[in-house]
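Letters are used for the chains, namely A, B, C and D, taken in the order the chains are written, and counting of residues starts over at 1 for each.
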Amino acid sequence: MIYFDSDYMVGAHPTVLERLVATNALHTVGYGRDQFTADAKSIILEACGLSHGDVFLLEGGTQANAVVIDRLLDHNDGVIATDTAHINVHEAGAIESNGHKILTLPNHDGKLSAEDIKNYIADFYRDDTHHYMVRPGMVYVSYPTELGTIYSRKELEEIQSVCREYDIPLYLDGARMAYGLAAPEADMSLKDIASICDVFYIGGTKCGALFGEAVVTRRPELLPRFVSLIKLHGATLAKGRLLGVQFATLFTNGLYEKIGKHAVDMAMKLKDGFKAKGYPLYIDSPTNQQFFILPNEKIDSLRAIASFELWGPRGNSHTPVRFVTDWATTETDIDTLLANI
Amino acid sequence: MIYFDSDYMVGAHPTVLERLVATNALHTVGYGRDQFTADAKSIILEACGLSHGDVFLLEGGTQANAVVIDRLLDHNDGVIATDTAHINVHEAGAIESNGHKILTLPNHDGKLSAEDIKNYIADFYRDDTHHYMVRPGMVYVSYPTELGTIYSRKELEEIQSVCREYDIPLYLDGARMAYGLAAPEADMSLKDIASICDVFYIGGTKCGALFGEAVVTRRPELLPRFVSLIKLHGATLAKGRLLGVQFATLFTNGLYEKIGKHAVDMAMKLKDGFKAKGYPLYIDSPTNQQFFILPNEKIDSLRAIASFELWGPRGNSHTPVRFVTDWATTETDIDTLLANI
Amino acid sequence: MIYFDSDYMVGAHPTVLERLVATNALHTVGYGRDQFTADAKSIILEACGLSHGDVFLLEGGTQANAVVIDRLLDHNDGVIATDTAHINVHEAGAIESNGHKILTLPNHDGKLSAEDIKNYIADFYRDDTHHYMVRPGMVYVSYPTELGTIYSRKELEEIQSVCREYDIPLYLDGARMAYGLAAPEADMSLKDIASICDVFYIGGTKCGALFGEAVVTRRPELLPRFVSLIKLHGATLAKGRLLGVQFATLFTNGLYEKIGKHAVDMAMKLKDGFKAKGYPLYIDSPTNQQFFILPNEKIDSLRAIASFELWGPRGNSHTPVRFVTDWATTETDIDTLLANI
Amino acid sequence: MIYFDSDYMVGAHPTVLERLVATNALHTVGYGRDQFTADAKSIILEACGLSHGDVFLLEGGTQANAVVIDRLLDHNDGVIATDTAHINVHEAGAIESNGHKILTLPNHDGKLSAEDIKNYIADFYRDDTHHYMVRPGMVYVSYPTELGTIYSRKELEEIQSVCREYDIPLYLDGARMAYGLAAPEADMSLKDIASICDVFYIGGTKCGALFGEAVVTRRPELLPRFVSLIKLHGATLAKGRLLGVQFATLFTNGLYEKIGKHAVDMAMKLKDGFKAKGYPLYIDSPTNQQFFILPNEKIDSLRAIASFELWGPRGNSHTPVRFVTDWATTETDIDTLLANI
């Protein structure tokens, strides 16, 4: 069986695992106050080109989103996101459980448009009744999006510009950041993202770590007493150095970039194969998630050798499907798959 | 330097780490729906002597407490606990952040007394004004307690009896369960605890795992839709099998018991050494945490070779201190320490 | 100046006020345990044709919605409502502040359709990923809606039928109930509504009371310990009898019906007048809110003699507006207004 | 029957009721944006000697406490209060339901001591573990306390001084403010309280209004976007002018002072009567709540003519009881009661 269900199906990249093994017997203080974590933070800040920022290491994406958004919003603020945003659809109401509404706008290939945001906020402030409504308090984007697409620098800067106009933070969910940075059409580096977004997180779980996400900000004043808030959310890892070790490794010797590039290379090869056979794209994704519309019989036969997800309800004759690659996907996996389509 | 600060200073027990390494490259489905997790649940249920129960694997103790208590309590219910309880003192308000009051009763060597609980609840229901007060909705105990002490079977059964009288669940926090079970004076097995408590968790983080806690219940109807609640709390691990692999290993070939026994053996040796030198106990703990009252000069000199915590503010001449052992503590560590006291 | 801004611009209906004055000096116990409140509950239950139900008197509509929905939903449940629903737009995030997502469906003239609800829920349960999504836990409708429209009995029964299929409660917000019941096209009585909905509230604030809403249920088991939850929400009125006196008066001698009928009569007269002059309706409402599309110059000139709300942003040449009548609107008010359009 | 159960057993003071009747038919805008409310705010600020402050009118005490405390505290902050504080005992967990822990200190005749507060906070900041604990984020006092006692100016200033040292706000619950100000031993005026506390509320419900509490602050920057937060808590009264009318009346022509003085005069007469008969005081209260320890037979016989509360569980031979006076208590009531003791 070849696995294309998701990018969290295997453990850690071997280099990451090696470091965990090598440091296992060392004694360190807990709760992320150790040297490994301090090192990881320095390395990440440097990779982000930030001299004054801060970094916090958390365990998972839903958790990172929940804690960051809970910190950035005031009581009756909401977060602007697309209707397809992960926080809106697949986090079991984590954001609302902390008291915050998600203010959804239509997605354009999975992305928010600066114009939609601007119109929404301008309309909100139209008259005084806004005091009795949910204030748009921040903007949430993801990179790549749920549909594998990525913002261009221009698109993200336009959103940043609206955020600045209304003095609200721009937050980017980078659960699959490695694959966005490695996309052929990407025109932003990690440093660009770090300088445009107020807060963002660099995904580890889906990009080579056992688990872990690194929340980064160039404006630490936006996350006051964040260490306490993380604890309050039950998100403080006792052996915090596990996160430090993993992220230090991912951001040493270009490992994170390599992981991203490999998976995207595999994804492009996969896409080319499907396109060559004439299967229509469900959406044209430049990253490690690939979406096609397949005949149902083809889906059924492929499932004998490969696992992958239906993207929505099964249609009468055709159904959209998703294939996901990661650092562990091999050329042989792709070749075998393509030989069967 | 020898480390006695806490029991989360090193990584995983080598046997646990080995299994993580051995299974790292395998593909599994996510979110704890994998076979490793299923196996761990079966093994744990068997170790607990439960045929009908359920098990949920979470990442940390504060998280486990928060999610379980959030599930067990109705809106304006509170949880009865000692004033020294971990949830009351060291979890940054996690329980309250989910809307629940902690109803504190005085501790007796770190423990609740059944009589105090009974009196408190009886007084609560004395008249109709209780509708405007916080209802005692469950009881929280820990095993061992924050002070290393353990409940006798009789003590725990008396508490269970009060809980049954008022039809509220008894929940046990077993962050250091291994060390409680291994205490020389312990008169309860894991099966006893599983049959007396409605819900409890078996600590992994402090007992040989990289991280992880196993929530166990013999009454699954008390935790409806718990999988969704875990996700809502940001506590779902994408690569859930990491927890499954670890717990399956801990509960195979008696590893969990061995870890507990070793640490407690080391702790007893340590206690005997301090007692032999005439240092008074701060409290007489039968588990892996040992508390003494030391002269301040002795504290200062010892710190050159060993790290450990002050247990409260530094006194004028003497201060209580805590030494914690774990699976990684060696006889040499203890000998070296004792040679210097 | 004639006032058509809203239906909460004057105090209480004179008959209600009289009773408050007449009972002012009496001593009663607090918190709604008095005889006036008991009487009001009996009278309301009888008016609703319920022999086994329960009634709770609260102070305002946002409060009633928040407390009821908080009670009806489990932790990660959401409430299905239209995008235009009051809870979704004009309650400052009260529902989310209690941890619950509003699951919006498109409105059809302000109303939910049973088919949309059914499709949404069926799709939700399509596969196992729903465990990580917000479960649709109840349905919220309002009667009349924000646009003044009302459900037919058939429409509401179809929604009830979907709710029963999935065993979730149907809740009706009756802030303007009096005007819905009095609509010429209404084919449901209060008893019908009480038998179709699981929980609903009868609006007092906008229908003749100083303030107050009566939450009614034919299934008291859906609102366990509701008295405590009301207190927890800060919604318990110390002098609870104020609500009892008002509701008992509203439901004695048909006052509530009279109030509704008068306001709707005035609204119909108003609508006829605008229609006769050729102004297009923004929506055809059979209740006390009337919506027209007026030329901007007409809006500006009318404002010299009457106050009313723009319904959305001012257009280039024309803008939708809303006129609201209530028990205090006089025929002279309408005549004067119509003489100026 | 004579009623001494509480101070919320009758309606509004006749002068307040008269104004409500006189203004009933007027049209005003809703939500507290009307002229009556604006006038009430000005009058209250003037009575408080504040030129820059702000005032918000709410419906009840538990609600006022919940909304204010929710605003003043950051996520994992707690509020310091006595163990006997209303928020700790009689508000059904309203504070915790908003996510905040109540940090209780022992009461001294119902009051907090500045020294206890100072020691608690100093100990909290002793070492770095405080990041994982609940931060003391404000201080809550009540005036008078639950036991009818009042702070001296010196006591309150000492508490203020500790609050300033740690830069946390001092909040005063004045549910029975009128009776505290009127106490013979009171050495603070309303202006003093307004200048010492950061935020406080002036009780209306128990002091002559139908309902209502006025939150006052000399530091409006402490309550940003408070109008929205009030709405989010379901605490916005549609006909907000009802609160404006009442408070404007209470603070015109010294009515609030008169109400306080009358009730306290009656209470002193009542206390003198009991003392003259040799009944011991449970506590020596200078305000409208009086506490005695009575023989159980006396309690039983008195209940034939008067209603009052037991203050705790019934004792074997004697039980503490509470008698409460208000604006409606007459000299005849007191004479009749005393004739029977």
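Simple rule for what comes next: a residue touches a chain if its C-beta (ideal position, glycine included) is under 8 Å from a C-beta of that chain, and two chains touch if they have at least 3 such contacts.
From a predicted model like this one, the values you see are computed outputs, not experimental measurements.
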*So which one's got more C-beta contacts, A-C or C-D?*
C-D
*Quick one: point me to the chain whose Cα centre is farthest from that of chain C.*
B
*chain A-chain C separation of Cα centroids, rounded to whole Å*: 42
*asked:* Can you work out the whole-Å distance between the CA centroids of chain A and chain D?
replied: 50
_chain C and chain D, separation of their C-alpha mean positions in angstrom_ = 34
*At which residue positions does chain A touch at least two other chains?*
75-76, 91-93, 97, 131-132, 228-229, 231-232, 236
*Which chain B residues qualify as touching chain D in the complex?*
75-78, 89-93, 96-102, 123, 126, 129, 131-134, 313
*State the interface residues of chain C toward chain D in the complex, per the touch definition above.*
1, 3, 5-6, 8-12, 14, 17, 20-21, 23-30, 59-67, 91-94, 97, 205-206, 210-211, 228-229, 231-239, 242, 328
*Which residues of chain B touch chain C in the complex?*
31, 70-71, 74-76, 131-132, 135, 224-225, 227-229, 231-232, 236
